[in-house]
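Below you'll find the structure, written out as structure tokens, and then a few comments.
Chain lettering (A, B, C, D, E, F and G) follows the sequence in which the chains are written, and residue indices restart at 1 in each chain.
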Amino acid sequence: MYGEGLIKGLRVTLKHFFGPHLTQYYPEERPILPPRFHGFLAFDPENCIVCGLCQTACPNRVISLKSEKGGEDGKKRILTEYVLDFRYCMFCGLCIEACPKGCLKFTHEFEKATYHPDEISQVMFRKKVEE
Amino acid sequence: MSVSTIVFWIIAAVVLGSAISVVTAQNLVHAALFMVLTFFGVSGLYVLLEADFLAVVQILIYVGAIAVLIVFGVMLTQRKGMEETNVSSSHKWVTGILVTILMVGFAYAVTRTPWQVSDHAAPESTVGLIGELMLTRFVIPFEIVGILLLVAVLGAIILTKGARRLP
Amino acid sequence: MTQFAIDNSWLIPFMPALAFIMIVFFLRKAPQASALFSIACIFTSFVLALGVVGGILANPTTTEHSVTWFSMPGVSLEMGTLIDPISGMMVFVVTLIALLVQIYSIGYMENDPGYSTYFAYQSLFAMSMLGLVVSNNFLQMFVFWELVGLCSYLLIGFWFYKHSAREAAKKAFITNRVGDFGFLLGILFLQILFGTLNFTDLADIIPTYTNIGLLTVVALLVFAGPIGKSGQFPLHVWLPDAMEGPTPVSALIHAATMVVAGVYLIARAFFLFVAVPNALMVIAYVGGFTAFFAATIAITQNDIKRILAYSTLSQLGYMVMALGVGGLTASMFHLMTHAFFKALLFLGAGSVIHALHNKQDIWEMGGLAPKMPVTTKTFVIAALALAGIFPLAGFWSKDEILLAALSNGYTGLYLIGTFVAFLTAFYMFRLVFVAFYGEPNPENHPHESPKVMTVPLIVLACLSVVGGLVGMPWLKTNFGSYIYFGEAHHGYSLSIMLTSTLVALAGIYLAYLMYYKKTISAEAIAHRFQPIYKLLYNKYYIDEIYQWFINRVVDGAGRVAYWVDLYVVDGVVNGLANGTKWGGYLVRYLQTGQTQHYGMVLIAAVVVIVILLGLIDPSMGIFAGGGAK
Amino acid sequence: MPRTQELNLNMGPQHPSTHGVFRCVITPDGETVTRVENHIGYLHRGIEKIAESKTYPQFIPYTDRMDYLCSMVYNQGYVETIEKMLGIEVPERAEYIRVIMAELSRIASHLVMVATMAIDLAGTSNWMYCFREREKILDLFEMTCGSRMTFSYMRIGGVAEDLPEEFIPACRKFINEFPEKMNEVHELLTGNEIFQARTKGIGILPPDMAVAYGVTGPNLRASGVPYDVRKNQPYSIYDRFDFKLPVRFNGDCFDRYLLRFDEMEQSCRIIEQALDSLPEGEIKGKVPKMIKIPPGEIYHQVESSKGALGFFLVSDGSNKPYRLHVRGPSFVNMGVFPELAKGWKIQDVISILASLDPVLGEVDR
Amino acid sequence: MELLERLFVNIAGLARTLMAGWSLPNSIIELVVLILGIIAIIGLIIVDAIILVWLERKIAGFIQERPGPNRLGPAGVFQTIADTFKLLGKEDVIPRSADRWVFRLAPPLVFVPAIMLYAVIPFGKDMVPVDLNVGLFYCFSIASLGTMSFLMAGWGSHNKYSLLGGMRTVAQMISYEIPLLLSVLGVVMIVGSLNLSDIVAAQKNVWFIIIQPVAFIIYLIAATAELNRGPFDLPEGEQELVAGVYTEFSGMRWALFFLAEYTNMVATAAIAVTLFFGGWHGPWLPSWMWFFLKVYLIIFFFMVIKWTYPRIRVDHLMHFGWKFLIPLSLANLLLTGVGIEIYRFMRG
Amino acid sequence: MGINVEQPADAKQLLKHNIILTSIEKVLNWGRAHSLWPLTFGIACCAIEMMSTTNSRYDLSRFGSELFRPSPRQADLIIIPGSVNKKLQPLVERVYNQMADPKYVIAMGNCAISGGPYRDSYTVLPGVNTFLPVDVYIPGCPPRPEALIDGVLKLRERIMHPERAVKVSQDEQ
Amino acid sequence: MIITLNHYLLLAAMLFCIGLYAALAKKNAISILMGIELMLNACIINLVAFNRFMAPDMVVGHVFGIFVIALAAAEVAVGLALVLTVYRDLLSVNIDDFNWLKW
């Protein structure tokens, strides 16, 4: 019968009209994120051996690190600065796979909207300069 | 000066003003829109003349259909700039004089004629009366108008679509 | 019930009209549904018709209902129904045959792509025919008269992809126009002379009218209609060709109902014809001649449907002749019985054609009797009825006609009628023996038709057997006591009965000898009477004569007129035009081609004229008091 | 004889119905379209050129961003190309995971197609319902690889991470519920007379024309040509699964639309079978630390949700591709659009474009 | 209850007696009461529009399994007010190539007829602003004025999308006016009056939806098309024509179009209620409450339809109107005539 | 018809003199902040996430922003969801210019912020802030729908309290 | 001051003359159509005014007004169709170009 489809469609919409909502009330209600979620990156400077693998693995030159010779024997490299420029990050996780020490990992943070673009790039570690 | 008198003068001014604007407006679309205003004013006159049904019909058909058609026609035939689209031709002065003479003649005739005015009141509702007249006394004109409209519609369609050549 | 049927007789044509509308607008896509709906509607009409007949039988009076259709001073047109015994009988016959034919068509038309259309046309036809029958005035009758003509046209040309069908449809339509034109003129005369077209009113007025000469003209003009519609002599040519349509159509329209509309019209307007004896005589002789003429053609034809068509012509001639001699009862009686057995014949022929996959030549048939028992039996019954064998239907009605002819002093016509009865029996049994009992044609694989087709045959066969008994002269209230003109009379003549039966049996026997036993060689006779045979075989060359007439006389006249037009009229016109042209050269500079200029001149002229009138002759009152008067 | 002047109607790049930044110029005659011109390149980002400056693994994230609706298949096509060239064995489990992911991706992509088709014909509610279903698939993806759209999940020689434990029950649940939810879409949209009037018999793509223009994927199959890379040149482990190749024969918008549903059904079947026979084991094969491909060239094809996706790789022996060319199905499918849209009404152009389902990220690359 | 029922009538009566106390002439009193009524109606329209915009967004949300606006006020009722303030503060853009006067005049000219429609609608018992003899006809003639304004808007914008949208609007509105009028004529034939109060009074016992279901369905479809809503929103046609006639309008000008759409919707629903749902008749509640209840029910139906169906194609729209709705409404008219005759015949 | 109000920056000077204008300004800003109608303008991957944001699970409409306007004249907010290349740039600029004041820009995703993954590309512009006054940047590739909602809320904050958008120095982190 | 029949008649006459001017002196074919519409309107005003002032009991004038409106509708439909057809061939609506009927 002509018009059957129209009536069926109305039935569906009316069913949903009186049905429950699916919405997650975001700002009040935090989303439940899976453990593997690719949020922004966290860096643990304690274990870093300054091998630079993360820097080479990154496709987009996001990671920049500075180091100096130092330590007890003067041969060990010591991290002085570790900057992640999130403006260029693709959140692919290649750096995390590359890190032999597990210093880098994804966090569950995702709200980083800013009013200024350079606030996005993040200095993860900077050695305090002793005066 | 009763209210209806004031209303009459206002409407008369609107009708004549917009009618003159139809002639003088340089942009054809504006002219057409002024024509709509004229029709509207005329419908107001019908209300004053206690022809409520006719007033409504005037709006429904003149404003709602005829004027729209005309504006449509304007838009279909003019696509670029609309300035200077409503110009008068070279013989406008002759025409003007002719029309003025005619107007004087009309005025003379109207004012000189002693009209026999009846002082009956207009009927309360005209719709029923009109319907009855149309289907009794004027049934043949009514049918003819129907046929005329049909023919006009068919003619318009054939004209615009172009008659298909027979194989 | 009966009273309801009589009071609401408008429903009878309305039901098929409903079917037509429903099929055209809604059911066209569903062939079965349209067939069923159509049949249901016509069945309803049939039931109503039974009610009408019942009412008439109980109380044979005239019931008229009418509403004003349109009126203006001088003319008042009505629409209405008139139910009296004649129309009651007709309503019954038409609905019955239409019902049976429609049922039959389910089987006959199956697998036809135009199935729904066919039923729509059938319904339209039934509506028009029934409308014609119940009409109470000439104009309404004429409207339906034309509608049945239209249906006939549509149905003859139903298989319009066949060239012959298209041509036949056109022929039927055009030929009928000739007669209808006369009919329309007659109606106009009646309206002008008497100011009314109502049958009952006219029946009251006409007998008092004195200008017999004028009335004769009117009557003959009206008779032109039946000549066309009922295929009387000069305009009979369309009917045999009309057999191009589907066979049920031939049965319904071109045998049982539409063609008898002419006869019915004469019967309806009998008061008119009775008033002018000369017209009645013309009718009688036209009918008699047609009966003889068609019958002679029928004996030489080979196409099964054409034989039946000529037979129909012949029988129609009979009916018209009966009317002409004043035997309204006989004519109507024959109309009814003829409807039964002729419809049966056509349906039987259709069954045969259906079984043989559209073969129509009787010489290609043969030996159908054992393969198609029901068809054969019913066909033979019908043939016997047509031949007028006691006690079948045709016997009674034919004798009535012969009796009427003789008792009214038309001895010549009586002799012709008797001879025609002989011819009828002969050609019918020629057909039967050749087609059903002849040598089987090895190419054919005939099979009995399905139930939907045979059941109507059986019903009609029963009617053909018993249908005539209602007119038995020995009954106290027989057919003639309901339908009559003037006063009812009962009479019979054993001698006539005997003669006609013997004559018919002789015809059958002759056919038996010639075509079954083959003791008399048909070929030899044909050879012997070569010129006559050829004349008959070619239907008296009527078609050729018409063709010649049109080619030579009409076209010749046209050529003469053309010459005159070209050299005389055009010469004058061209001369004038040349003069005008030179004049035009002088004044063409006034023509700018600009509409506005013309408009301006027009308005200027109006202004000038008004001013002049106003100034010169104030008494014209242009400026003073137009509204004052 | 002079005729009325033409009106050119510009659709896009900022136009509600075009998918992304596609632009077409329509020349209508009244409401009928007489000419359509494609204008592309508004999203050209030079991905193929970028590939030449990245090492082989580094390019994986960029494949996500070509067809962002069906990224898993792009990942798969790219890594399989390299594996094929290097001759790397991929562990069974990784192959199964790849197939599951690719098919889920296909369902997600088709859902977007159905949704955009609905909203292009102004059926807003249906759009919501389709996206609701897609969200469930995205949840599955997020569970596995952490992202909703740009996964970078496949690695040369396997996949990045194993499936999490809760994945398999969640996936089964989705597969089981899915047909019922699609039924809702059918009731709301497919059976709708207005929708049918706007898609049935519209934009008919005859099979010979489809083949001549190189159309692949569902659009080709809706024209009655049973061609699918998964069946005709089986890659990965597609020859192990029992699935049908849905074909429809009218080649109109409605068939292209319905074929997506048939495909989703078959994808569900594949996923079910893959889940049933998912083996245990390694997820990454033996791969050298530094991937260098010996000089040579290769062409490898997979079936994405839009059609046959091919990677043509030329290597000069270094650790970066010398040249990488992508045969994008949407790009090729779009070629037929001007031809297809000709002669229909302006509104039909919308439904034809929606039924072709182009992704501009991949058309422009 | 009785108090509520007569609330507005009593207020008007009070105003009359008050002014009569000031010994004002009768005509002026009537004028003032009329002006008060107009002010009340305009207030009603604006409140209605605000509620309807909110309702539309809520209903769309509910159908799509989401809550819709819910931040401002309870359940987000003040959302529309925020929108209004924002639109008030928007820049007023007039394109350089547009026809300034036509462009400026179009939005108010769409809105004014929409208000004028309310003049004849009986909102409740004895609550008709102007009791016109040709009320129903007046409604349709006023509604047909909107067509012109859409044409002005489309043409005045000097934009291809606008022009196409305007042409579509006009074609659509002119085509669907015919079935709209024809469908209503059935009711008029039964009542024998064009006066809306008479029509309501005639439905005291039985609503005309029962007698004229086909007419109601035709009316509903044609009215949806006249409103450019639901599956018939071709002139807006955002997928093809960006925003159709509205493309070039910003800020308050656009808001006026929006307002007019909702005003028209209420008016159309009100006419539907008056013609087919017994107007203000109903038990227990005050008459005007019944009236608004019914109106809102019909509006709810309009909204659900809009959020359910895809948009129809323009030539299908025309075919549907001319080849289906008009013949159907004519048939309905014929049947109604026959029915009335039969009824009269039975009554003797 | 509309009340023309200058951009917030210029309004600041007026604030000091005119108290009525201040409160009108406040009311208008409240309206603007709570009814941000975005332009229907999808570019790349982020456009799909933008669409997801409006759907029932995230529901941008709760903040009064679900009315995606197809015509720039009626939109208040243009979300740039993807990379803008040299061919697209004039068009984006034109669309922005067609919008009626006050208008806001959100750069959604890394492509729009800086060219993102395509920093090596020869066609992609290094961020839309090179030619548009961007109000809010939402990093991510693509950002989650929640992140977009967060961005819209931040934009609302900025509209109502322009002073809060003052740049925070890097050192304070 | 009371408005009499003469007022209406004079108003109608003026409207008629303006329409006549438009019909006779305008170059654009559509302007001419508009002029004719004005003239027809003037006629209806006359009909209704006569009806109101001279025979208000009968509504014959109204009936004729309605007939005239129907006539106007037919006239516009055919007139516009003609103009559009000519426009398609000539790309002009200037009445001066429509002069093919000249010898």
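FYI, a residue touches a chain if its C-beta (ideal position, glycine included) is under 8 Å from a C-beta of that chain, and two chains touch if they have at least 3 such contacts.
Bear in mind that the values here come from a model prediction, so they are computed numbers and not experimental data.
A.B. asks: If I average the C-alpha coordinates per chain and also across every protein chain shown, which chain's average lies closest to the global one?
C.D. replies: E
A.B. asks: What's the chain with its C-alpha centre farthest out from chain D?
C.D. replies: Most remote chain from chain D, centroid-wise, comes out as C.
A.B. asks: By mean C-alpha coordinates, which chain is most distant from chain B?
C.D. replies: A
A.B. asks: Which integer distance in Å separates the CA centroid of chain C from that of chain E?
C.D. replies: Once rounded, the distance between the two centres reads 61 Å.
A.B. asks: What whole-Å value do you get for the distance between chain D and chain F if each is reduced to the mean of its CA atoms?
C.D. replies: 31
A.B. asks: Please report how many Å separate the Cα centroid of chain B from that of chain E, as a whole number.
C.D. replies: 28
A.B. asks: How far is the middle of chain A from the middle of chain G, if each middle is the mean of its Cα atoms, in Å?
C.D. replies: Measuring from centre to centre gives 76 Å for this pair.
A.B. asks: Residues of chain D that touch two or more other chains: which are they?
C.D. replies: Where chain D meets two or more other chains at a single residue, that happens at 15-16, 61-62, 125, 128-129, 132, 150, 188-189, 192, 194-195.
A.B. asks: Which residues belonging to chain F are in contact with no fewer than two other chains?
C.D. replies: In chain F, residues 40, 55-57, 59, 62, 70, 117, 120, 141, 144 touch at least two other chains, as defined above.
A.B. asks: Give me the residue numbers in chain A that touch at least two other chains, ranges are fine.
C.D. replies: In chain A, the residues touching two or more other chains are 6, 9, 12-13, 16, 21-23, 59, 90-91.
A.B. asks: Sort out for me which residues of chain G touch chain B in the complex.
C.D. replies: Chain G reaches chain B through residues 1-11, 13-22, 24-28, 30-31, 33-35, 37-38, 41, 44-45, 48-49, 51-63, 65-67, 69-78, 80-85, 87, 93, 95-96.
A.B. asks: Which part of chain C faces chain G closely enough to touch in the complex?
C.D. replies: 584, 588, 591-596, 599-600, 603, 627
A.B. asks: Flag every residue of chain E that touches chain B in the complex, lowest number first.
C.D. replies: Residues of chain E touching chain B: 27, 99, 101-102, 132-134, 137-138, 140-142, 144-145, 147-148, 151-152, 155, 163, 167, 170, 174, 177, 194.
A.B. asks: Where on chain G does chain C make contact in their complex?
C.D. replies: For this pair, the touching residues of chain G are 20, 23-25, 32, 54, 95-96, 98-103.
A.B. asks: Can you list the residues on chain E that touch chain D in the complex?
C.D. replies: 60, 63-66, 160-161, 164, 231, 233, 237-240, 242, 307-316
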